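Read from first to last, the chains carry the letters A, B, C, D, E and F; within each, the first residue is number 1.
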Amino acid sequence: MSIWPVLDDADLPERASAVIEDIKTTRNTDFINNFWRVLANDPALLERTWGSLKEVMGPGEIDPVMKEMLYVAVSIVNGCEYCIRSHTAAARAKGMSEAQLGELLAIVGMASETNRLATALQVPVDEAFLPKTSGKD
Amino acid sequence: MSIWPVLDDADLPERASAVIEDIKTTRNTDFINNFWRVLANDPALLERTWGSLKEVMGPGEIDPVMKEMLYVAVSIVNGCEYCIRSHTAAARAKGMSEAQLGELLAIVGMASETNRLATALQVPVDEAFLPKTSGKD
Amino acid sequence: MSIWPVLDDADLPERASAVIEDIKTTRNTDFINNFWRVLANDPALLERTWGSLKEVMGPGEIDPVMKEMLYVAVSIVNGCEYCIRSHTAAARAKGMSEAQLGELLAIVGMASETNRLATALQVPVDEAFLPKTSGKD
Amino acid sequence: MSIWPVLDDADLPERASAVIEDIKTTRNTDFINNFWRVLANDPALLERTWGSLKEVMGPGEIDPVMKEMLYVAVSIVNGCEYCIRSHTAAARAKGMSEAQLGELLAIVGMASETNRLATALQVPVDEAFLPKTSGKD
Amino acid sequence: MSIWPVLDDADLPERASAVIEDIKTTRNTDFINNFWRVLANDPALLERTWGSLKEVMGPGEIDPVMKEMLYVAVSIVNGCEYCIRSHTAAARAKGMSEAQLGELLAIVGMASETNRLATALQVPVDEAFLPKTSGKD
Amino acid sequence: MSIWPVLDDADLPERASAVIEDIKTTRNTDFINNFWRVLANDPALLERTWGSLKEVMGPGEIDPVMKEMLYVAVSIVNGCEYCIRSHTAAARAKGMSEAQLGELLAIVGMASETNRLATALQVPVDEAFLPKTSGKD
């Protein structure tokens, strides 16, 4: 049971209804997952979140499958089960192979390991990794 | 100042020296960044960490630039400055454009936002996102 | 099933029993939630935790509803389902409106997004945000 | 040195310049902190981030000082120094007293402690904290 | 339901089967917990993970019970229920008393509290805590 | 520069002064590190924090060196530089060898890696790891 109810189409506030329609059109499907149906309890939050997501996950310089895989990686580290499951499903639907998922998991695990080591040892940043100083900062 | 000293080539324990040589050969460079020079104080830890990293970040089903970008994403969420800087430098060296970096940042920010919302609201996972049940679990 | 059992009143160690009584008196209720009934397996830990919580969440300069809302915000970022649910319930009981909850969620999401961006980009702290230097540090 | 340069007004891309002007107008000040000057390297990211922040931190059901305090709390848990410093400064500017800051810190510390305890012990959520089941979920 | 199926012995790929046999031999048991049976879907990942774990958790300078307790502490902070439960069970099996578990929990809670306070206040590191400067860093 | 000033003995509020004296007596030293000198700006917070720390880190069922090592492990995962440095120094002062520090780092890294894998794959908890059900929960 979520903190706010999962709203059926019939129970959507009008402003939320328009957003849900835009999700259906953009994704070319009638399936609306629970995340949006729960956010719909606060139409302003729903509208802003969907507006940003639509822009961020839309066409760009990074391949759509890779965008989903980056989303999965972040969701793992933030520990969000819902997001891990929904974006793993989305990545698969867009073409991620199980071998790619295995590599993704290996990178997330490996990076988490070396992140902790570098933090634990307080390794100083190499000059070579710093952007060239401009006059200002 | 790091917790363990940054070792010069001359100060490397013998077992660490062999690993450092392998890093130079594998990466085709004489530049060894501080992370490895600090880990070298514990040769077993250095050897195991490099052995795994070499395998995980080597050729596979995910593009090398994308592998670095996934590494950057995880490092941001884990809050490791050293790793953010070193892997952003590596991703740029392998061809990541600034526009791609911008999209990466947008995804990390957006995912962190929706990760918190889904966790906060305890959104139930949709049936559609669950793998088909096998007999076992 | 929790790591330690949820203790009924009859099973409480004597030292734990006194703490549980103080919780009932302080909160003016007979309902003791599972967190305390599990902690009761280690009476010293229970006593110290309740002692601090009673002081921290007691009357002060921040409004009681706001104190609960801060508790919810921290619990979301730390990813603790139990704490999210119990303190959201407490905040509602003390008067938090659903509109306020929506704003709370929006802030937690937004802050998590900009936190990641500032960390990712390693934005230098503005002079204007630093406390005036005293002689010492 | 940040990953992207801190842009002076003279170096702002045109689309970024319009956003920076809106920040100045909205906040009624000529001071633009580094976060925005770094984000300005990606005008779309700047525009979207400011657009959301303006809405989220604008007038609403939660007091403006409290909104900043919630932002500080989240930034502490996410471990973002820049955000801790900038939003602590903002909270003070809007009227947060040092006694309130002390209480905020106490709550963030206390919640982090009990969050870990509840997670460690896997305390089951009390029935009393679950929203009443609707037919659906 | 996990993202990848929990594989029975009969369904293990050959390369995974050899690793599973090594776990059984090393641990002197026929019980293989789900973590390994899920990882077995990617034999290379399974092999590398088990190889490292075997080395890290094997005999050394830290007592085996203490190694498990450190594992539990990290798993709590990273918020991994599976790992909390499996390593708490392992620590108990190796001799951890309930009183020691109580002290472990108290330390994890206390450290999380002071970690947040030190981060929130941006306390400057004391000279006394810095390693003596060598020439290099 | 910390958010609150680092207070010299001469500037301590009276209630804080008593706590600082107790720290000196308990630790049998005149050296008071910055964490306490900053907390001293809020005497109630100082008093409560020290009171708990003194109890938690005092004699018990876990060896004092191990207690400090657990504190270091938690501080790494929470990403607190101050705490990593101060408790690593404390652990060394109490007898932690560099070989033990190496093993501690290996465990923190390894656990962070498997924590992410178990979370990513949503591995179901084995029956064998669950406490026997009592009637209640």
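What we mean here is this: a contact is a pair of C-beta atoms (placed from the backbone, for glycine too) under 8 Å apart; a residue touches a chain by one contact, two chains touch by 3 or more.
None of the values given here were measured: they were computed from a predicted structure.
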Which chains lie in contact with each of chain E and chain F?
A, B, C, D
Same or different: at the chain D/chain E interface, is the fraction of residue numbers used by both copies above or below half?
same
Which chain has its C-alpha centre farthest away from the C-alpha centre of chain D?
E
Take the average of all CA coordinates in chain A, do the same for chain E, and state the distance between these two points in whole angstrom.
27
For chain C and chain D, let me know how many angstrom lie between their CA-based centres, rounded off.
19
Round to the nearest whole Å and give the separation of the Cα centres of chain A and chain F.
33
Among the residues of chain F, pick out those that touch two or more other chains and give their numbers.
1-4, 6, 34, 44-45, 48-49, 52, 56, 77-81, 84-85, 88, 99, 105-106, 108-110, 112-117, 119-122, 124, 130, 137
Taking the complex as given, what residues does chain C use to touch chain A?
79, 84-85, 88, 98-99, 101-102, 105-106, 109, 124
For the chain C and chain D complex, residues of the former touching the latter
1-4, 6, 31, 33-35, 38-39, 45, 49, 52-53, 56-57, 60-63, 66-67, 69-71, 73-75, 77-83, 85-89, 97, 99-100, 103-104, 106-108, 110-126, 128-130
Residue numbers on chain E that touch chain D, as the complex places them:
72, 76-77, 79, 81, 84-85, 105, 108-110, 112-117, 119-122
Listed in rising order, chain B residues that touch chain E in their complex are 1-6, 8, 34, 44, 48, 52, 55-56, 130-131, 133-134, 136-137
Chain D - residues contacting chain B, complex:
3-4, 41-42, 44-45, 48-49, 78-80, 137
